[in-house]
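Each of the two complexes below includes chain A, the first together with chain B, the second together with chain C.
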Partner chain A sequence: MSKKKGLYIYTGDGISEVIDIDKLVELASGDLGVDVVKTHDDLYSPSGVEMVKKDIESEELQAVIIAGVSPRIEYKQFDFPGIIVERVNLREFVVWSNPTPGEGDDAEKFKEHVQELAEDYIRMAVAKVDKAQLPDPYKPETVNQRILVIGGGVTGLTAALEAAEVGHEVTIIEREPQLGGFAAKLRKQIPVGPDYSSLIDPIVGDLIAKVQANDKITVKTSTEVARIAGVPGEYRVSLKEAGTKSEWDAPVPLTDEEKVDENGKELSAEELHKKYEEKNEGRRHYMEVDPNAEIYGAVVVASGWKPYIPKEGEYPHLAWGNPNVITNVQYEELAKAGKIKRPSDGKEVKSVAFIQSPGGKEDDADFPYASAVTSLVALKQAKYLREDQPEDGKAYVIYQHMRTPGQYEYFYKGIQDDPGIFLTKGAVTEVKDNGSGGLTVYVENTILGDDISIDVDLVVLATGMVPTTKDEAVINLAYRQGPSFKDLDLFGGYCDSNFICFPYETRRTGIYAAGGVHRSMTIEEAMEDAAGAALKAIQCLVAAEEGHAVHPRTWDFDYPDFYFQRCTQCKRCTEECPFGALDDDEKGTPKPNPTRCRRCGTCMGACPERIIGFKDYNIDIVGSMIKAIEVPDDDDEKLRMIIFACENDAYPALDMAASKGLSWSRLPRIIPVRCLGSVNVAWIKDAMSSGMDGCLLLGCKFGDDYQCHFIKGSELCNRRMENVAETLNSLGMEPERVKLEQVAIDDYDRVPQIINDFVEEIIGLGPNPFKGW
Partner chain B sequence: MADFKKVEPDLSFIRGVMDSGGETVNRCYQCATCSVVCPLSNPDRPFPRKEMLWAQWGLASKVSGDVDVWLCHQCGDCTAYCPRGARPGDVLAGIRNNAIKYYASPKGLADIMSRPTGVVAIIIFFILVVLGEIFLLGHPFIPKGEVDYEKVLTVLPIDAVFMPLAIFVVIVALKGVFEFWHDISAGAKLPQSYTGTYPRPKLGDLICDYGWKSIIEILKHDRFKKCGQTAERAKGHLWLLWSFIILFFVTNYVFIGADIFGMHVPLSMFHPVKILANIGAVMLIAGVLMVKAMRDQKTKEGVLSSATPDWILIYLILAVGVTGLGAEILRLLNIAVIAYPVYYLHLGCVAALFLAVPYTKFGHLVYRTTAYIFQRWSDEIRAGRNGFAKKMTLDH
Partner chain C sequence: MSNSILVIGGGFSGLTAACEAAEMGYDVYIVEKQSFLGGRVTQLNKYFPKLCPPTCGLEINFKRVKTNPRINFYTFADVKSITGGPGDFNVEIQINPKYTTPQCTNCKPGEEAATQEVPNEFNFGLNTRKPIYMPHPMAFPAQCVLDASVIGTEEAAKIKAAMPPGHVDLNQKPETINLNVGAIIVATGWQPYDATKIDNLGFGKYENIITNMMLERMASPSGPTGGKIVRPSDKEEPKTVGFVQCAGSRDENHLPYCSYICCMATLKHALYLREQSPDIEIYIFYIDIRSPGRKYENFYAKVKADPKVHFIKGKVAEVGENPDTKAIKLIAEDTIGGGKIEQEVDLAVLATGMQPHGATEPIPGIEYDENGFVKPKEGIIPCGCAKRPIDVVSSAQSATAAALKAIQTVVRRAG
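Up next, the complex of A and B:
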């Protein structure tokens, strides 16, 4: 479908010196049939924008192609409602990355190659706008504004207060019979504000009072989630009394191990169904609607943490098992009860050793699930002893790491000021009963300069905070992919999708984590975290209302469209969606939930029937772009490759490389993709069948240290490449022609080499044997 | 198996350090900036980082037996650069004050001398002793006629008090020095003999090789002048040192001349020794005022803070100088009513200053000199140029 379109070529920044603009204009207005073609040497200035605007009005343009700088910059100009706008990256990908002919390059040939590169990018843009459509946002009929907070500790209370303060109704559910969580069990707490130098009384009482006084907040104690069904904006939450079973408990899908018989053979569909039914006996189907469910728009998970309790026989060198060797949580209980007394005989404790790291000389790591909090807690608890025994109490903190980030440095300083608190870095190699009721702690490699031994009444281990999400589903989602968050073992059980890039997002849109489930944190940090998660939950409701995606594609008003008539119920999309956006019916036909979707396109990449697509990003559009590239039939010097570059990391890395004047081969053409997960094998077939010689996929790192914005995209793509290799083999083509490389956003110095190496390899393989067919 | 040292922090020691100038000791978090910026620190055994931690842990014997604290002249470079306001320079001063107490015996006297009221009591005590002597001799406290201090007390009864006092002071100080020497030998990890003793220099070597060189260095204040933030303080201190040397000389001249050879005192104003004595007295007052002025200024600049022991010593020296010179001037002016009381006060102050040597900050005179000598000696030992090994080669 040809649209009435305009092409506007920016000639500044050296573009006109490298590219023959006249030829480009001739191509566009001639062969490509672009209705209006203009150039401007300052296109992004108000005069340039005005020129385009005038044309849109006077020429009734439907689409505009801006050929100039990278689409990642100057993106705010040329935003015209109702007009499809496509940007061509002439400056970075054609001009800056090809400043001068390389060594041994023929100047004429260089010019020719660069010109062809620019022309191809224009062709691809024209092909794209001809196929693209404007988005038609999905807007649910109702978006419920209530927010459910799971957990009534400091985090949950704060999240509820923050959300209520901006007008949202909130329900807090708490498993225990009373609010407060762990913070209510403290003698004193680490400060939450200036001057940070000393312990303060627990603030949780104030929070509880504020919550109880707030008429927008409902509190349900001794309550748990049986299931959360539905979508952001309309979650149907079935609640139950804590510790009980309910027919509305979320069903749990079979694990990979359960899907095979004892010989490792895959079970038949019927057997699977039977096994699933057995596993979930007494539970309603996940798609069934609980008429009594409460409706919420979004969820904040603040279910907190559980203390790590070493197993019996763990840490024998620290005398774990001796009644006078306890964890920091047990010590807190002793301190809360009154003057600290020795568990073995009830004698008032005069000296305590706080051991921060269990590894002796071999390993300086702190206890599992420990962090800065355990350092701060040790300092706090050392002070308890000094409060109890101001004259002669002695508290020793033996650390490998004293972590007191940010303002807590003042806390460290304040605690240190007490003459009865002794700190040293050192390796605790042994703790022994000293025969007189106490213990002797042996410490090597201290900064005191000696190996020392200390006699104490009590030894406290700085054990960590285990997130509740480690062993429990917590959210109990009635989703096709199961009730819990996915792959939390990547983060040690912490409820997290990417701590650095998306601190609050989980892999379930509409559900945001805060506090101890997120990482071990202090009360102050948990409160800040709670505010963040509450804001995220509210943002999600707004996104649902307005019909755009949540982070990281908040500008995107489009959503995936399914052509169900051709669906074969293969379930790839439902299983591969990183966000569990797709449910299904009895037959396995996917049921999209657009408000759960983050628009990564992984479903589109997965679909073998090619029935999933977006208005401006689908199989046909990208296929057309590939086919628009001119592939010379008989010129061995002009092999052609396609590069699918992830627009989140690889594409910016390429931009950066170009802006630093780094060059790469002029043979490949780059197509940005939302995520490698969205790359459908059809595109690779398109490229090969149109005579291209190779295909390179540049995506984010995957695996344990994944950097993928959509968590699984590059990993899934990599898995699909195995099938591609098979297909190529069957066609008699070398599987090396298609390659996936992992590129981080800061790999700009590496990425030209990656491309050049790939091009060299393809040149070595020779042209595509199907060229010209 | 590692050699574990049992550690039992001494809380009273920590409080002692905190009360005598080192109240910031606990702020240290061991970054070692102090040891890096210190112009006097030894690259092999840098200070004051380790001393800060030992003091935090109340390791009294370890800190007291550490020679390095005495190599510090409290220039304040560490204090100026400390990122945490732990003021290592001031802490080391506090540690030194406590070390003096640690080696003093009886400790009770050190406690008395560490308080201004205690020092005043000591002064009054000696005034009463002097007045008692006068009473026993049947002399009037303020005789008629021309002022002449011989009328109330001749040199002999004065020496009857001061000689035993001086001997007592020397014995206490020597005891302290010997213990100190043993502890710093252990602290410096010098090689031990099988009986547990540490090598000692021969007396001849001690004086000729180590003592002499150290004293020359002290007389020139070479190290003090290296101090960054407070190098200016060296001048007043140098004046003070030289005035003490002059006054030591003239006092002994008079003591020997009068007691043994029956020389008439007071000497004529034009006697060379008297001239020297007056120069010494003026230098003493000028020197101590300069020290006080610099201390005030450096306190204002924030690189140094002063604790009670500092002020006790400064005011005691000032009192000795002012009463001494005052007694002389009042004698020349012949104002008996004031002259005699000032003279008695002077005697009391001098006695207190004597006692100050082993019991107060004044002890740095003894311990720092010892530390200087020890440092030269232990460097030789470590380099294998002296000690047991050398002795053995000589024997064979």
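Up next, the complex of A and C:
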């Protein structure tokens, strides 16, 4: 649908020196049928903005195209309610990236090429605004404001109190019969704030009392989640008695290994179904609604950690298995019970060796799942012995690296002042029964002397904190993609985010992790983390109410629309969605859950029927932009390529390359995309069938250290490239015409070369054989 | 009474706190001292341990700021005073002149016309810039700045003449505004500890002793050397590099606490150098390698496995220079073997720690501890490195938590 629109061209910053503005105006007001076309040499000044504003009112424009600086630079002044705005990057992508004719360019040709480039970007913008619609937010009828907190330890208690403090009702469920978690089993704890010099009494009792006194908080002990079904804003949670089975336990999909027979051949649909049913016998279908489920808006996962207990026979050189060689958690239990006594004979312990690193001389790493906490705990536990035996207690802390970061250094300093605590770097090479009830610890390379041996009553291993999500789903989602967070093995089982900047990112909207399940952390850190996760949980409800996405596209008030009549139930969208937003019905028709959706468009990219799209970003819009590009039929010097560039990373990299005066080939045209995951093969076909000669996709790094903000987008796109290659082959075209490159936002020095190399390759291949058809 | 929240500091923590609070439905003001948002992390080349560019996450946070009408920000602005109390703070803010207008996003004509060069503070003086400048390629807002030092001189007039009309305004004056807010988040961040104060480590005395943040700038493609790490004396790539850990940290005479990030930063720098020069030898002098937790321990293991990176347990006590080669001699006490270890290197890097801005530029109305970290109180909530020395991940958590604490103050006071 053609809209009444205006085009405003900025002529400053050298734009009018490189581009023939009159020709551009003529094209727009002539062939392109733009209703109002104006130029301004200071478009971004108040007078420029006023000019556009007046035209919108007097000419009743529905859309404006602002052609000038990068949309990253000017982003707000031309936004008017109800008006579709498209910003064309003439300055960076046309002018600054083409400051002067390149080598071998004659001045005329240069001008011609640059002019065509500018014209194409205007054509693309016109095509886009004609097709685009204003967003129409999805707002659920009700958004439940209650928060479910899984875990009643320090983190869970804090999260509940923090959320209740801003008016939310909270339910804490705790698997154990009582609240408090591990913190309730401590004799004393490390301080949770300045001053950091001495041990304090555990604070968890105080938290429990506050929770019990808070009428907004409900506590359910000996309880766990059978399943969480539904969506953020309306989660239907089936609870059950801890340790029991329930028909509402979340079903578990078949793993990839289970989907094939012993020869690696994929099972038939029927066989798969049978196997799935067997695996989930006694469990209700994941889409079935539990009439007794409780409704919550969002979830905080604070299920914490469990102690790492070495296996039988593990650490033989440390005499693991000897009753007097125990873990730090076992030592804590002894200390909590009273004066520390030796497990083998009940003798009061007078001397303890705390071992931080099990690797002897070969490896200076701490125990698995250790952290600063294990260092701090060793110091704390050394102090326990001194409390019990102030006269002659001797604690030896043997470490490779004492990890007391930040202000915890004060705590370390305080411990150093105790004459009964001996701290030394050293490699523990062996622990042996000394024949008189105690143990001898052999240490090499110490500060106290070369090789020493210490006789002690007890040896304590500083074993780590294993997140509960390592071996259990915990959240038990009744989702098409299964009950647990995805790819936890990347993070050693922690439900961690792969994003340094966005630690609360999980791949399940509405469910946020905090505390020991997130990362190994002290009580102080866990309490802060709990407040952060509580905020994210509440914020997700605000987003649902306002009708916009949560991280990373929090500005997006649109959501994907599905034209189901043409759905072939291929399941690609349900399987590929990085966030598990789509469920399905018995036939396999996807069931969208807009409040789970992040608007990356991976579903749109995946759909072979092209039935998924957004109001301002869909198959037709981008297809029309591609088709708007003028492709000369018979000019070998004017091959045309399309570049799909990730708007968050590749696009800014190109902007910065341009602002540094780096130039790249004038043959390709760039279309920003939300994520490479949203690139539909149809666009590549559109490009090829309109005679373009190649297509380059610039997206984020994938693999274990992925930088894609939608987790899997660039990786999925890369996988789709194999199909693209096949398609091109079948058309008699070289698969090299389509290429994906991984580009980071700071690759601005590299990205022009990537483009130029690609263009060279295409020139080498020659024109698209179907050009002009 | 006010339901608005003020965030002092527009760096990583401040941006996070502001976005998180605004996305909860609250009006937020950010006040940032520099002319751009993003703070300290804009100077970093990569984050450890993922080795990803900080600008990637900043770009998202900038977009959150750009698109959220609840966020207003003031750059080049200082908080002059804070009065009142929780729910009803009055904050006086001075906005300093950039001597340009917001549409001034391209200072190339002015740069060409300028004749003076001034030290580039963004690159710790490793290169120079013109008096009109864009602080760095990713600067947001992308508004050029004209140095106050040239105002009233011929230079300023020349620059103004070269720039498009209306883009440079030499008559701008500091402007004072008053904000009424319900809660204040303090995210004023950190600065590298001033290495010239560490007498025995020779910074400022010997050319080839640099700080970790200087190395970071050199490694950055937007930095003074276009991404190449070189010796200042001859601009050559070093063949041997020594890192001095705890340069000023864990030291009663300087910063008594551990700065947390410097060990990880050095491990990261070792990787930068190894990527740059396959034959380089790297010596890391340390007390403890503080790489706590699974991700960091794995990162340390990766660096440790490299035979070209040598870890020496010992604190560097003394440095010297070979006057002919300008090589640096590092002398450390060997805590294991006893005696002294000497190592000559082409380039020495001091792993200086983080000092909160509160230590040198306290804001009236905010209370600080003896090291300059902010003491929390009702309605005044510190986060990030204004609160304690932490890494970026922890700063994000801290800032998110601070946003909720600020909202609690507002909700409580509104009854």
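Odds and ends about this structure:
Here, the second predicted complex is superposed on the first by the 743 of 773 C-alpha atoms of A that agree within 3 Å, B and C clash if a C-alpha of one lies under 4 Å from a C-alpha of the other, contacts with A are read in each partner's own complex, and residues count from 1 in each chain.
In this section, a contact is a pair of C-beta atoms (placed from the backbone, for glycine too) under 8 Å apart; a residue touches a chain by one contact, two chains touch by 3 or more.
All values reported here derive from a predicted model rather than from experimental measurement.
In the superposition on chain A, contact is made by A:419 with chain B only, not with chain C. When both complexes are overlaid on chain A, the residue A:538 reaches chain C alone and has no touch with chain B.
Using the contact criterion defined above for the overlaid structures, shared-chain residue A:447 touches chain B and also reaches chain C. Residue contacts after overlaying the shared chain place A:209 against neither chain B nor chain C.
Once chain A of one complex is fitted onto chain A of the other, the partner contacts of A:200 are absent, as it touches neither chain B nor chain C.
With both complexes placed on chain A, chain A has more residues touched by C than by the other of chain B and chain C.
By the document's definition of touching, of the two partners only chain B reaches A:455; chain C does not. Judged by the touch definition given at the top, the superposed model places A:660 against chain C, while chain B stays out of reach.
When the shared chain is aligned, chain C comes close enough to touch A:370, but chain B does not. Shared-chain residue A:289: touches no atom of chain B or chain C.
Overlap of the chain B and chain C interfaces on chain A comprises residues 402, 413, 425, 447.
Residues 391-392, 394, 402, 412-413, 416-425, 429, 442, 444, 447-455 of chain A are the ones that touch chain B when the two sit in their complex. On the chain A side of its complex with chain C, the touching residues are 12-13, 41-42, 44-45, 48, 69, 72-76, 91, 162, 165-167, 194, 364-366, 369-373, 375, 399, 401-410, 413, 425, 445-447, 491-492, 494, 498-504, 519-520, 525, 528-532, 534-536, 538-539, 542-543, 546, 552, 554-555, 648-649, 652, 656, 659-660, 701, 705, 707, 709, 744-746, 748-749. Across the complex, chain A is touched by residues 2-9, 11, 14-15, 18, 26-30, 50, 53-54, 56-59, 84 of chain B.
Across the interface of their complex, chain A is touched by residues 12, 16, 19-20, 23-25, 45, 47, 50-61, 63-64, 66-68, 101-103, 105-106, 137-138, 142, 164-166, 220-222, 226-227, 250, 256-260, 288-295, 297, 300-301, 304, 313, 335-336, 369, 373, 375, 388-390, 392-394, 396-398, 400-401, 403-405, 407-408, 411-412 of chain C.
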